[in-house]
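Chain naming follows the written order as A, B, C, D, E and F, and within any one chain the residues start at number 1.
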């Protein structure tokens, strides 16, 4: 159950309107790694979780915070759009060709569809979609996904920080950057705790019996490109991070098999078959004709 | 530049046709975490990489291996479909209602669209899409994304292992599981190496000046749900994994701000405004009428 | 700002596992008119709203309720999947061909991707997307959209009611049906109130000067099909609901214009032009060749 | 069956080329509420309708008109693009940086993909999709959806009216505005007629027995946000629009239930389970190893 | 302008209900190569065409026919669904597990969303989308696309023919097969006529000066796989179909270039750069800190 | 199996940065007819092919070449972005409003998401998707699709050639144009060879017995628009290209059938039925109430 409070987590007001920047901010609201994604990702992890207690409280607690971040960004976007030229022709300022050109860099659906409001889309106007999120039920895998989401998100916010000099916007971003710092650390700590407690270990999923995998290649670096430098990394020799094997380096595959012969599905799928079959095909067609319903 | 060799990395032939399982295998070919995703993800990381040497060789080398895994799965799917009942009505076996029912569980586009062949889609028939992949240019973030992809992928292959008892299919899966073990370890090793070399550290991106973030909340656990157990995790006290702060725990936000007043965009967007405005609106409409072109 | 409470709005537990029904329930969780849609729609309307007070409180209050409905459905779906056969082969029950067939009717990603958990998708596995929602800033239009969403949603829940005889599931549905009844009534009441207060009237948007529309056809029923019965409806004669015109009926258009001549864009777009142009095209190509850089 | 006539419903020619505006017009051709949407929506309602006569004639008659509106907009877009600078470099005008900048505001696929022609996409270049439409078979719900589509559509056309001062374009928009006025009125009249005739009433679907819903909450306003003003609306007291209940107002839910315990699916989905299970898991893994195939 | 006539082009009534087959038929209604695709494709080609006369009349004439085919399929799908078990639990027949299993093979949105009606989706439930169509303005390319669409469509209808033994359905399919035969022939004839008249020739686009292409490789077969048999085809020697070159065969590329060095974008994008840069990066960060706003 | 070589097929370096052009180039990398599409299309045709030898070698050989073209374009895009202004505010040049405006024409995700790198999207930022490709198993149909893809692709590259005057970019395009020339010719030659060898003929699929189609309309041109000029084409009289029929011309359909009566699905789908049913409906509701569980 969710309760809404008409407060924001942090105060910030833009110095001035900026519709082009409003479009850019959409990335961290409704993009692949935007706030809708993390809010939904953590919530679905909570609803699918098989264990009560600290991990479930964690995903619910942070999930709810992230919906509030969606709200902060949507509010900021509406403020940035409020007085910005958005293409209304009789505005004197619009007649300036440079202004007209700038309008070309906005999300035109901000004006036409939302009437100067935020939308659940990314900075190119692609609608947010459910396929962005990850909630597998395996917490070590999912916390890795969460750490990744917070890293990609913080990279994007850091880039956006340099794309404006508006103090109000930068204040909001400085707040989001700090929370991303916390959340990166938090998911890495949670992943470490899972392993310390023995709930999960590497490789994920840890309780699949490794005896069932083809262990000859479990710790082999197989190089399918012609760059030799990959042999220099710590993935090419020495103990593997899971503590269960030693890396070795190989140039190309260590196993191979001939390509199997082509398949021959039922002829009524009308795929093209080998030429020796042409005669048979003609016979078949004749037979078909005879059998014609 | 890519060269194709008419060999597979590993020999495996299914014991028997199984179109329902062929549909399920599509998940790890064309799903969010399937082989097309990792192949494309590593390649785009290579093309966007700013540094030559071991890391670039790594993404190219493994990226090329993964395209070969797409091929192994596509080949297996075609073999599983080859003799399977796929809905052709005159097949005696099809008249059995149970067989008819099983056909309902196949990807019907395998038959109608591909003529008993593989497709670039997931196990629910959703087409693969470019928004599944991650290539930000920041290697620590991206290797985290790669480790996540290999973890999610190995979880899915492990589940699929238990959904068949076909020895040939299981052999292929045992090979893929082993490679996922390697690749998980490899990306974690690569992420560790980046940090040891000082190329990147936490939090990502590490060279964004932390002084520009709102540091008061950089290491605060803020609990927005009512479960108290989140306070027990190591994300709630003690040193953070980045070595730059100490976690603290707080029930709810430590900052807040009143919701800002609503925006008032140009009236020609025809949004609904406050009621005191109704009179003004009428006046405006009258004025508009007078000014009518 | 949102706070999460580890309670549901209504208690319900399924009598028995049912993975096929879990798939069907996804429609009202993550479909076009599912709970994610209404939650997001009302929230974005709130963030884009230009007026404080009762209407904004309304969309925030109901929006937050709807996120809780997402949670109730996700919880129910996880419960329905918990003990259901989902394709793990060694389960004795799975060897029964009828059971195998039933598994074909499940959302196979419930098993492979989510490990027996809910997903942000519809009943055919299509991911939820941001383009499902409506938040234009014009409240009369948007409340109409909301009433429609609640009507479509209640129709779908009513259908789902008859697709199960599980008492626990039906209890949940009976609760959702009641809330849909409330919400339909509520949005219709809100739309009526907007009009009574004079904030908005018909046609939407009401303060666009109707003098700027081509009023000859503003109240004409133009029949482009050959069925005569459309003339019998109250849209074909009598006063229009907006109180500003009288309907008239016409068989076919009352205005028409010849199709304009084709366009002739720049020849360097390499579109095919009229045949008399062939000579010119050859000349142009020759000229191009001369000018060759 | 459909017949095409090489005429348009209304004559209009743009004064001058304007590729940026052509992009904006795509919204009402191929956007969520564009003409393709209404044409398809009304047609599918016709094909799915269970009753002959005036309602079916209505959706067929208006559906066919709307395909003609798609044609008018596509024609206008091609005309706006015909002589516009679209990025061909040797055009003198293109060398002007302002012109170059304006080109950045166009839909670049208009040039690259369509060679200066219209496309079935919205103003951000998102392809039109089938999930935009609604055709449930319940006419009261569907006519509500239709009224909403015409309202949203008229709001967008009204906004577009102010984004150009081209007389030819404005003429076309004035025609579309008038038809949207008619169509809004028409669907509201049709919805009213359905109710007067007793074919459908509120709440939709009206013949689902309300006794099967959890009637305690059927007319309760439950406030999940902290704004008190929602209590002032007519949705909070007095008779509901369906004539079947009285609204009441409540701060927060009137029912609640504890969050159910987490689910525990089959261990072979490799979800993370509670820590007490760790021992069991190890035992299970050992057992698995023994049983290894 | 379009007029609708309440007639179908061909009479056909299914012998019996069949919801699984109804789902399969959706492929040729709303799939990549379904009737919506060809209707939209031909219409957009008409609206974007630069030449009046026979070619424009052709695309308009056939486009309108195809909308009628959408209608025939939608009508048939509704008929196939009319009396079919679709999951309503109290139906006696539904209690049979085999029937329940068959229901699993239906498009469950046919029941839940459309109330036993057709939808604008393919046989896996993916919504139709605007990106399926092709209308480039170059008629030789577009007629090639049209011929392809009719070929793929006829292959799919032929497969569907064998997936039912219902006489009414087969009659409809036999009609569509005949029209596909006509339309394949028609587009090939139209493509031939364009070339005979000299309006377009090969390679498309024919009036791009071939002197501007890197002609060394214009007729070289370059083999990037290790199969030698590709040398046996008529694409490897002899005159090319465009009459402008002679094919030659080469094993691998005839040109090559070293991979260029990595790019080094602005450091404020926070991509990872070469290690020698680490020192510089630290210095830069220090400088940034000094300059801190 | 695929091997990667750190070489490109052709050397080219842009003269200067150009982020707007980088966005445009994305069309031929990740658009409907971009290099990802042809690479995936040819590969899937290979994996689904039923015949060994020259045709399979052909699709594998060219498919591998096309992945290399993806690489060349991604590399070029990264180079074009390297030094281009992408919105970092402190760059002096950025303060120039014209530069700011130009930035509006870039793909803003190039900066925010990829840090000045290429992405698997088209020129409007739509992600590449699996539904762009065609691999039916019928080689004559599929080679037609391939020829179409190469024609559309060459048209797009030719347009892009005129949208830049950068010599390095033009060199790359001149190389791609030449390969498109080869590939168009190659697929047309392959389609011709299939027919000469008798493996496939027209109409596709050729071994579906034409006796099963409704042959009355197999060679009839049926004109559903009012343009008379379509009668002048060679599709309206004379022998059809498949050599199996003579074209005839008809104004409108030669067959027709009355629209069938509406369907009446189960009343528990809550569709609206005919008015005489109202009484029955009331009775049914009463009955339902009596039967209430």
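Just so it is clear, a contact is a pair of C-beta atoms (placed from the backbone, for glycine too) under 8 Å apart; a residue touches a chain by one contact, two chains touch by 3 or more.
Heads up on the chains, UniProt names are A, B, C, D, E, F = Mn-containing catalase.
Everything numeric here is computed off the predicted structure, so don't read it as measured data.
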Contacting chain C (Mn-containing catalase) as well as chain D (Mn-containing catalase) are chains A, B, E, F
Contacts shared by chain A (Mn-containing catalase) with chain F (Mn-containing catalase) include exactly B, C, D, E
Expressed in whole Å, how far the mean CA point of chain B (Mn-containing catalase) lies from that of chain C (Mn-containing catalase) is 25
Note: chain B (Mn-containing catalase) sits from chain A (Mn-containing catalase) at a C-alpha centroid distance in Å of 6
Residues in chain D (Mn-containing catalase) with touches to at least two other chains are numbered 1-9, 32, 48, 52-53, 55-57, 60-61, 63-64, 68, 75, 78, 88, 98, 101-102, 104-105, 111, 113, 115-117, 121, 124-127, 129, 131, 136-138, 140, 155-156, 158-159, 162, 170, 205, 208, 212, 224-225, 227, 253, 256, 263-265, 268-271, 293
Among line, ring, star, complete and other, the chain touch graph is complete
Given the complex, residues on chain E (Mn-containing catalase) that touch chain F (Mn-containing catalase) span 6-13, 32, 52-58, 60-65, 68, 75, 78-79, 81-83, 86, 88, 111, 115-117, 126, 129, 131-132, 134, 136, 138, 140-141, 144-145, 147-148, 151-152, 154-156, 158, 161, 170-171, 174-175, 177-182, 184-186, 188-190, 192-193, 202-205, 208, 210, 212-225, 227-235, 240-242, 245, 247, 253, 255-260, 263-266, 268-271
Chain D (Mn-containing catalase) contacts chain E (Mn-containing catalase) in the complex at 1-9, 30, 36, 40, 43-44, 47-48, 57, 60-61, 63-64, 67-68, 70-71, 74-75, 78, 113-121, 127-131, 133, 135-138
The answer for chain C (Mn-containing catalase) against chain B (Mn-containing catalase) in the complex is residues 1-6, 48-53, 55-56, 87-90, 97-98, 100-105, 107-109, 111-113, 115, 121, 124-127, 136-140, 194, 197-200, 205, 207-209, 211-212
In the complex, the residues of chain F (Mn-containing catalase) that touch chain C (Mn-containing catalase) are 155, 158-159, 162, 165, 170, 268-270, 293
The chain A (Mn-containing catalase) residues in contact with chain F (Mn-containing catalase) across the complex are 20, 23-24, 27, 31-32, 98, 101-102, 104-106, 122-126, 155-156, 159-160, 162-165, 224-227, 252-253, 256, 261-265, 267, 269-275, 278, 281-282, 284-285, 288-289, 292-293
